[in-house]
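As C-alpha cells, here come the structures.
In what follows, subunit A forms one complex with subunit B and a second complex with subunit C.
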Partner chain A sequence: MGQLVNSDNRMPGADKEADLTERIEAFLADLKRGGCGTGPIRGSGETARETTALLRKVTAQARWSSAGDLMEIIRKEGRRMTAAQPSETTVGNMVLRVLKIIREEYARSRGSSEETDQQESLHKLLTSGGLSEENFRQHFVHLKANVIEAINELLTELDGTTDNIAMQALEHIHSNEVIMTVGRSRTVEAFLKDAARKRKFHVIVAECAPFCQGHEMATNLSKASIETTVIADAAIFAVMSRVNKVIIGTQTVLANGGLRAVNGTHTVALAARHHSTPLIVCAPMFKLSPQFPNEEDTFHKFVSPHEVLPFTEGEILSKVNVHCPVFDYVPPELITLFISNIGGNAPSYIYRLMSELYHPEDHDL
Partner chain B sequence: SSILHIAAVVVSGTSVVVYMYTWCLSSSIHISAVVVSMFSTIICGFLFLLVVKRLPEHVQVDDPAVVKRLAKKLERQQIPLRSDYGYKVSLFSHLHQYSRKAPLTQQLSIPSTVIHPSIVRLGLQYSQGIVAGSNARSVALLHAFKQVIRDYTTPPNEELSRDLVNKLKPYISFLNQCRPLSASMGNAIKYIKKEISNIPSQCKEEEAKTKLLTCIDRYIEEKIVLAAKAISKYAIEKISDGDVILVYGCSSLVNNILCEAFEKSRKFRVIVVDSRPRLEGREALRRLVQRGISCTYVLISALSYILPEVSKVFLGAHALLANGYVMSRVGTSQIALVARTFNVPVLVCCETYKFCEKVQTDSFVSNELDDPDDLMVTRKGKTQLENWQDVSSLGLLNLVYDVTPPDFVDLVITDLGMIPCTSVPVVLRVKNLDQ
Partner chain C sequence: MSSRGGKQKKGNVTSEQEEEEQPLQAVLVADSFNRRFFPISKDQPRALLPLGNVAMIDYTLEFLTSTGVQETFVFCCWMSNKIKDHLLKSKWCRPTSPNVVHIITSDLYRSLGDVLRDVDAKNLVRNDFILVYGDVVSNIDVSQALQEHRHRRKVDKNISVMTMVFKESSPGHKSRCEEDDVIVAMDSKSKRVLHYQKTQGLKKLQFPMNIFQHGSDEFEIRHDLLDCHISICSPQVAELFTDNFDYQTRNDFVRGILVNEEILGNQIHLYVTQDGYGARVSNLQMYDSVSSDMVRRWVYPLTPEANFTDQQGQGCTHSRHNVYRGAEVSLGHGSQMEENVLIGRDTSIGANCHISNSVIGNNCTIGDNVVLDRAHMWNNVHISSNVEIHQSVVCDGAVVKEAVHLNKQCVLAYNVVIGPNLSLPDGTVVSMHHPEEEEEDDDDEFLSDDQEVGHSKDKTRQKAFNPAEVGPEGKGYIWKASMNDTEDEELAQCLWGLVLNPDPESDSESEASEESQDRSRSVSPEIDDVNAFQLEVLGTLQRGLEENIVCDNLVLEINSLKYAYNITLKEVMQILTRVVLEYPFQQQGTQLTTLQYTGSLLPLLKTWSPVFKNYIKRAQDHLDCLSAVEELFLEQDTHQTAMVKVLMKMYQLEILEEEAILKWFSTGATNDKSRQLRKNQGLQKFIQWLKEAEDESSEEGE
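The block that comes next holds the complex of A and B.
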C-alpha cells in the first residue's frame, strides 16, 4: 500500500510532506466554507487548478511503486476532497481526469495501443468473455515523469479554458442582439466582453434572488461599456419575447447533457423554449461530470432560509417552512448548444465527450 | 359612442349634399345654404374628433407633442406635472418611470384649493405603495369619491349632473399622475360618471347626493364583496382534501378563498411564492398563518424545485383583457408557464368588474414602470448597484405587470361562474348589453 509519509528522515523531506498535508487541509477547509449560499470562495476554474496542482504534488511526493498504488492514493485523496463539499463537482472531475491520465500513461509504457483497454466494446464483450484483468502492478521507471508531464499539460489546458471559450464569441453573437443571462458566471462574462470588443449588443441580466449575483455581473459588464439592464427574476418571461439569445453558465454539466445550474435557470430555459430562443451554455470541459441527475436528496443543496425570510420577520418564522435551494436541474431537451474549450457541441454528444475524458471504472470514486 | 358615430356620418353626409347643391346652383348661391354647410362641416369635424379613440397619454411618453398637450391640460387644471426619474431602458422609453422619493404632493401647496384633501391623501397613498392591489385601490377610490360628493355643493346657475363630472376631471388627472389608473379603477370611474350624468335636472341637491352615495355603496357591495363570496363558493368546489395549493404574491381574492375553504374544514396546505423587489407574498403569508393554515414560503427562482409537490395553482388578476390574456403582477406568466410544464392546473380568480376592452399580446406596449431604485439590495454590507446612475450603460428595470397567454390558464373563476379564458369577450358583450 502506498504511503504518503516519506520514509527518508531528512528535514527537507519531512518539511515537504508537512507542507503538502497543510495545503490539502487548507484546501478542504476552503471547500467546506464555500458551502454557504453566495457560492464558493474561488471560482470553479481556480478550484480545478488547485485540485490538479495538489494531485501533482501528491504524485511527486508520495511513495508508490506501481500505477495501481498511485491510483489508490489518488482515489483516497479524491474521496476526502469530494466529501468536504459534494456539490463542488470539479474536484471529483479533476481526480477522474488524473486517474485516466495514469491509466493512459501506464498503457503507453506497456506498449499496448490505447484502444484495447478502453471501455468495453461489443466485440470485446463477446470475445474476451469477462472484465479486463488489468491490475496495474507492473513497475515502470519513467511512469512518474510521464504522469507528471501529462498533469502539467492538463494544467496548461485548464489555464487556457476561459480564453478558448471567449475566442468563440464572435461566431455566435451578431450586432444589435439582445442577450439574456442569469446570475454570475465568469465564463459568460469573459465571453460577452470578448464579443463586445468588436460588436455592439444589449445584455439583460436576471438578478437571481436571493443572492443577487446578477448585480455584480451587470456592473462588470457595464464597466466594459456593454449596454446592460438588470431585471428581477419575476420579469424573465415578460421580457423573453424580445431576447434573441440566452447565454448562461452552469455549475455542472451532467452525463446526460443536462445541467445543474443556479436556481431560476430552469424557468429561463422553459421561457426560451416557449419563444423558440436558442439557449447556449458556456461550460469548460472540467465541469463535465459522470453523474446522472436523480431526484433524491443528493441532487439539491439547500442553504440557510434566512436568505429568503430573514429573522427580522419575527414570530411567523416558527410557523412556516422556508426553502432556499441553490441549484436547478435543466433537462437536455431545452439546451441548444454547449460551448466549451474544445468547441461547440450539441447536448446529445456529451456522453461521447465524457467517455473520452473519464474511464468508466472510475465513475464511482 | 356609437350614437356619435352615426351622428357624425349623418351630418357629414348632409354637409356634402348641401355643398353639391350649392355648387350645382352656382348662379343662385344662397348665403344661408353656404352658412349651413359650413356649420355642418364644423360640427361633423368636432364629432369625428370626439369619436376617434385616443391612446392614453401614459403610453406615449416618447411623443413630445402628446407630452406638451398633457402639460397644458395639467396647467389648466392647476395640477403639477411629475417628472421622470432615472435612465429608462430603451424598450420602455414610451412609459413613465417615477421615483418614490419625489411624490407629487411635494409640488402642491397644502391645503390645495383645487384638489379635495381626501383625494390628495389617496394620491399619496397610491404613489408610496401604501394602498396597493386592484381591489384595495378601487375601494379606496370609491370611498374618497363618496367624501367628495358629501362635501360638494352645486354652484349657482350650474347643474349637478354636469358640474360634478367636471369637478372630478382634475382629481382623476391628479390620481393618474400619482400612479397610472388600474383597469378596475377605470371601470369604477366610468360607472360613477354615468350615474352622475343620469341624475335628472329637477332632482334636488340633497336627494341627488344621497342617491349617488347609495349607488356607490351598492357598486362596492355587488361588484366586490358579493362577487368575492360567489367566487369563493365556486372555488371551494375545486379544492379537495390533501391539496397542495400554490399562490403568488398577495391577492386579496385568493386569500379570501383560502381562508373560507379552511373554515369549511378542507384539509390543504399552501405554498406562497414571492418575488423581489415588492415581496408582497410576506403579507399573504402573515394573513394565512394567522388563520392557522400551514404554509411554505419560497422565492420565484425556486419554482422548479417546489412545483412537483403542487396539485393546483391559484392566481389573482389585475385585469382580464378582451383577447383572453390575463394581466397580473409580473411573474404570474412565469408561474403559469412552469406549472403547465409540470402539468399542474392553473386557476385564475377575477371579478367581472375587472374585465376591460383592451387587447394586448405582450408586456411591453402598455405596462407600468416602478421606481428602479427598488432593485438595489444590500448584502453583507455591500450594495453592488449603489451608483447605477453614474454608469451610463447600466439600466434597472422594475416592471409591475405582465400578461399571461390564455393557453397557460385552465380556468377563470368569476362571479358569473367558471369560464375559460376565451369567453371574456362574451362576458363583456353581455355586460354592455345590460348597461
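The block that comes next holds the complex of A and C.
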C-alpha cells in the first residue's frame, strides 16, 4: 500500500483524483458482478480490507477541512458501495467503522472523551435533537494523520482476524470429537486446521447444494490430513445424533444475534437444536452488521436458477418458476456461541458489541 | 460462472500481459440490418429498445466490459444519432469507464459485411476481437473461449479464424430462436466446425460425407445449441470480408469458410458452454422470452435491481416471487403483483389490478381493474380502467382507453391511442406510421431521420384514422388486420418470429409447410442463377474450343462465374458435366445418332479432362459427377448405349475412379428408371471388367 501512495505522490493532483475515482468504480463494478451464488469473488475478509484501504485513500486524497466534511464524503462513498451489492454487508460495516474512527479521533482532538457523548440517557435523547453534527466543524491540523493512523490500525486488526479466531480452536475442539460443518468458510477451515495440529478429530461436511462448496471444503481439510466425510444435505438430520459439535461460518451476524448464512445452515441449526448439539459460529467482528432481519428487500439474494434446474432442460423451464436463494436466516436462539477475533460471546451479547463498534447515529448511512 | 470466471480472468490478464500488452477489443454492431422490429424500430433503433427498462445495448456493453474488453467500437447506421446520444450520456463514456467506447457511424452500412469491411479499411483491430450485435443479452464468461481461441491460433498458425460461442439448451426451450435453429457437425476433440446449417424447420437434413472422412475419429452432430451471436474473431475475419465482397452476414461467412476450407485453409471452431446465459433479441418472440428470463434472474448478475447502468433513480428493489419495484411506485388497494413483475419508477397502479409476468416502464399510469399478463409496457404509457392485455408490447407514450382488450401478440407502437371499448384480435400491430407510407419508403430505407420524419408527418395529416379499427378516440393505423392476408402474415412473422403459438400440436403441419415454402423461396432463388450459370459455362467452353484457350484459364473463368452466381461447388460440377455431355447436341442438333454423338463427345472429354479433374477430387465429387451423368442419360434415353463409352473414356482419362464407379453402380439406384439403366448390357460388362481389373490390381498389390 505504501508503494501505491508513493507513486501517487508523484502524480499531479488531478490525476490522483481520477485515479481514485477509477479505483472506486472498479471496486464497485467488481462488487456488482460479485458472485454467482457461491459468494463473492474474494472472501469477505478481503472485501473488508479492500473497502478500508479505499476509504483510507479517500481520507488521504479528498478535499476536506473538518471532520464533518470528511464524514459526509465517507458517507457518500459508503452509500454507493453498499448499494452496489446490498448483500455484501461487510462493505457497509467497514464504512461504519471508519465513521466511528473519525468521531473518536475528533473527540480526542477536542479533548473530550467519546465515551461520555455516547452514553446518552433516554431522557437526553428525547430532549436534545441532533446536536452532534455541528460539533464536527472545528478544524484540527493533526486530524487527518490521526484518522489515517487509526484506519491503519483497523487494517492490521483485519489482517489478523482469521489467525485470532483460529488460535482459540484448541479450547473448543477436543480429541476424538465428531464435528459437523456446512459449506465452505475460510474462517472455519483455518479454525479446524489449527486444531488438527494438536488433536485428532473427525469432520463431517454437509455438501451444501446447489453450489456444493462443501466439496471444496472437504478436499482442503483432507489435504491437511483431517479425517473428513462429505454428506448430502438430506442426511444432516440423520447424522446429527453422532455429532458432538457443529461449527459453522456465516456471511453476516445480524444485530439481533441471528445469522445470514449460506443456504442449508438453518437446517443444520434446527437439527442441532433437536439433538441439543452445541452450535458454534466462527465470525470475525467485521461481519457484525447493524442490520435487523426484517428488511426484506435487501436481505435475500437470489441468483440465476441455473444451478437448481439447468438451462439445458428445455421445455419445462417455460412452465415452472425456479428460484435459487443464496442465504438462510438463522434465528439467534439456535446459536450457542459466537467465536470472534476478540473471544467467545453469546448471541445475547451482540447488542453490546454493536454499540462498541458502531456509533448509533451512523446505523443507516 | 462469473465468480470463477473473475478469478480466471485475472489470471489470464497477467499471463497475457507477459506475452502481449494488447488490450482486448470488441466490435459491437448496433444495427440489425433487417426490419424485424418494424414499425417499432421506425421511431427507435433496436439497440435502444428497453428490455427490463434498460436499453438493450447497455446489456451488451456490460457483457463486454465484464469479460474484460477494454476497447469497443460501436457501429451504428439506422438512427445513429440516437444511439450516439444514448451512449454519450451513459456510464460507458465516462472517463472512468474501464471500457473505452468509440462510436462509428455511417449511413452506408447495409450489412455486417459492410461493417467488417470498414473495420478492415480503417485498420481498427490489431488482435483477436469479440464480435457481437447490439441486442445480445449475455452473462457468459468468454474468457475461457478466448483462451482456447488464442491457444489454437498459437499452435497452428492462423488457421482458426473464428470461435463461435454457443450455449447448450435442448430443443423446445423457449429462448431458442426458431430462425437461428442450427445443426452443427463438429469434431469432438478439436471443436472444429465441420458443417453448419440452419434447420429452418426442415425434417430432413443432409450432411456431406466427406466432412467425416478426415480429421479425428470422433464427431458430434448437435442440435442442442443456442447461438449466442457472440464470436471471437481473428483480425483475418475483417480481411476475409474485404476479400469476399459477397459476404453479408456471419452465416455467409461461416458457410464460405467451410466450403472453401480446403482452398483457404481457414477453420472455424466452436465453444459450447453450459453456464451463463446468452441470447440475441432477434424478434419479438425472443424479446418476450429474453425479458422473462431476465426477470427470472437467469442473467444474474444483470438483474433489474443491480442497476448496472449506474443511472440515478433507476434502482429498484427485489422481493419474493421476482417482484421488482422502482422508486415511488404506488399500488392501489387490492392490486396484486403475482410473480415476475418489474415496475419502473414513478408508476402508479390503480385498485384491483392483476399483474403477472409483466414489465412496466417508468412514469406509467394504470387504472383500476386492469389485467396484465406477459405485457411489456415501456415508458409513459397510460392504461385506463378495465383493460386487459395479454402478451403484447405497448411502446412509449401509448394510450389505452377504457375497456380495451388486447389479445396475444399485439403491438402498439409509439404514441398510439386505442379505444375505448374495443378488442384487438391476435397479432394486431398499430402504428402512427401508415403502412403504405412504409411501402413507398421501401426503396430507400436508409434515408436520414429528418427526411423520414418529414415524410410521415405529411402523410399522417392526409389520412384519417379508422375508428372501427382503433376505436372512436383512437389514433393510429393498423398494420395488420387479419391473419388471412398473406402479406400481413409475413409481417407478423417478422415481428414475433416464425412460431406464433408455442404449443407443438398446431405448428407441426402448417408451420412445416410454411417454412418449407419459405425455404424454397429463400434458399433456392438461384434457379435463374443456375440457368444463367449453365449458359455462361456453355459459352465459356465454346469459346475455349474456338479460341483454343488453355484449360487452366477455363477453370479460372468458371470459378469466377461460380462466385458471380453464388453457385456451390457441387452444382458447378453437375452443371459442367451436363454442359459437356450435351455439347454435341448443342452444336449439331438433337437428331444425332448414338454413334455420331460418341464420336464428337469423346475428343471433347479428352480436351477438357483437366477441367474435370480440377473439380472432381473427393469421393463425393465422383459420385455427384456420376449421378449427373446418369441423370442426363436418363433424359436422353435413346442414347443410353453411349453412356458406357462415356464412362469408359472418363475412367481412362482418370477423371473417374473405378471405386467410385462401382460404388455408384451398387448403391446409386433409387428408382425404376435408374435400375433399368443399370441393367444395360454394355454397362454391366463394363462393371464386370472394372471389377476384374480391380481384383487383378489388388492381387498384384499383394
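A few points about this structure:
To be clear about the criterion, the second predicted complex is superposed on the first by the 336 of 365 C-alpha atoms of A that agree within 3 Å, B and C clash if a C-alpha of one lies under 4 Å from a C-alpha of the other, contacts with A are read in each partner's own complex, and residues count from 1 in each chain.
The definition used in the following text is that a contact is a pair of C-beta atoms (placed from the backbone, for glycine too) under 8 Å apart; a residue touches a chain by one contact, two chains touch by 3 or more.
All figures in this text were calculated on a predicted structure; none of them were measured in a lab.
Annotation: superposed three-chain arrangement on subunit A; subunit B versus subunit C shows no clash, the two fitting side by side. Shared-chain residue A:212: touches subunit B; no touch with subunit C. By the touch criterion defined above, A:321 reaches both subunit B and subunit C. When subunit B and subunit C are set side by side, the one touching more residues of subunit A is B. Once the two complexes are laid over each other on the shared chain, residue contacts for A:251 go to neither subunit B nor subunit C. Of the two partner chains, neither subunit B nor subunit C is touched by A:87. By the touch criterion stated above, A:232 is placed in contact with subunit B alone, subunit C being left untouched. In the overlay built on the shared chain, the residue A:345 is in contact with neither subunit B nor subunit C.
In the superposed pair of complexes, A:266 makes contact with subunit B only, with no contact to subunit C. With subunit A as vertex, the superposed Cα centres of subunit B and subunit C define an angle of 70 degrees, given in steps of 10. Legend: residue contacts after superposition of the two complexes on their common chain; A:25 is shown touching subunit C, with no touch to subunit B.
By the touch criterion defined above, A:291 reaches neither subunit B nor subunit C. For the overlaid pair of complexes, the smallest distance between C-alpha atoms of subunit B and those of subunit C rounds to 6 Å. Residues 38, 300, 313, 321-324 of subunit A are contacted both by subunit B in one complex and by subunit C in the other. Remark: subunit A residues 18, 21-22, 25-26, 29-30, 32-41, 83, 296-298, 300, 302-306, 310-315, 317-318, 321-324 touch subunit C in the complex. Touching subunit A in their complex are the following residues of subunit B: 89-91, 275-277, 282, 285-286, 289, 294-306, 329-331, 333-334, 337-338, 341, 362-364, 375, 377, 379-380, 384-385, 388, 391, 393-399, 402. Contacts from subunit C toward subunit A in the complex involve residues 1-4, 6-7, 65-66, 94-98, 139, 167-174, 224, 274-275, 277, 289, 296-301, 306-308, 315, 317-322, 339-340, 502.
Contact residues on subunit A toward subunit B in their complex (touch as defined above): 38, 202, 207-212, 215-216, 218-219, 222-223, 225-239, 241-242, 263-264, 266-267, 270-271, 274, 300, 308-309, 313, 316, 319-325, 328-329.
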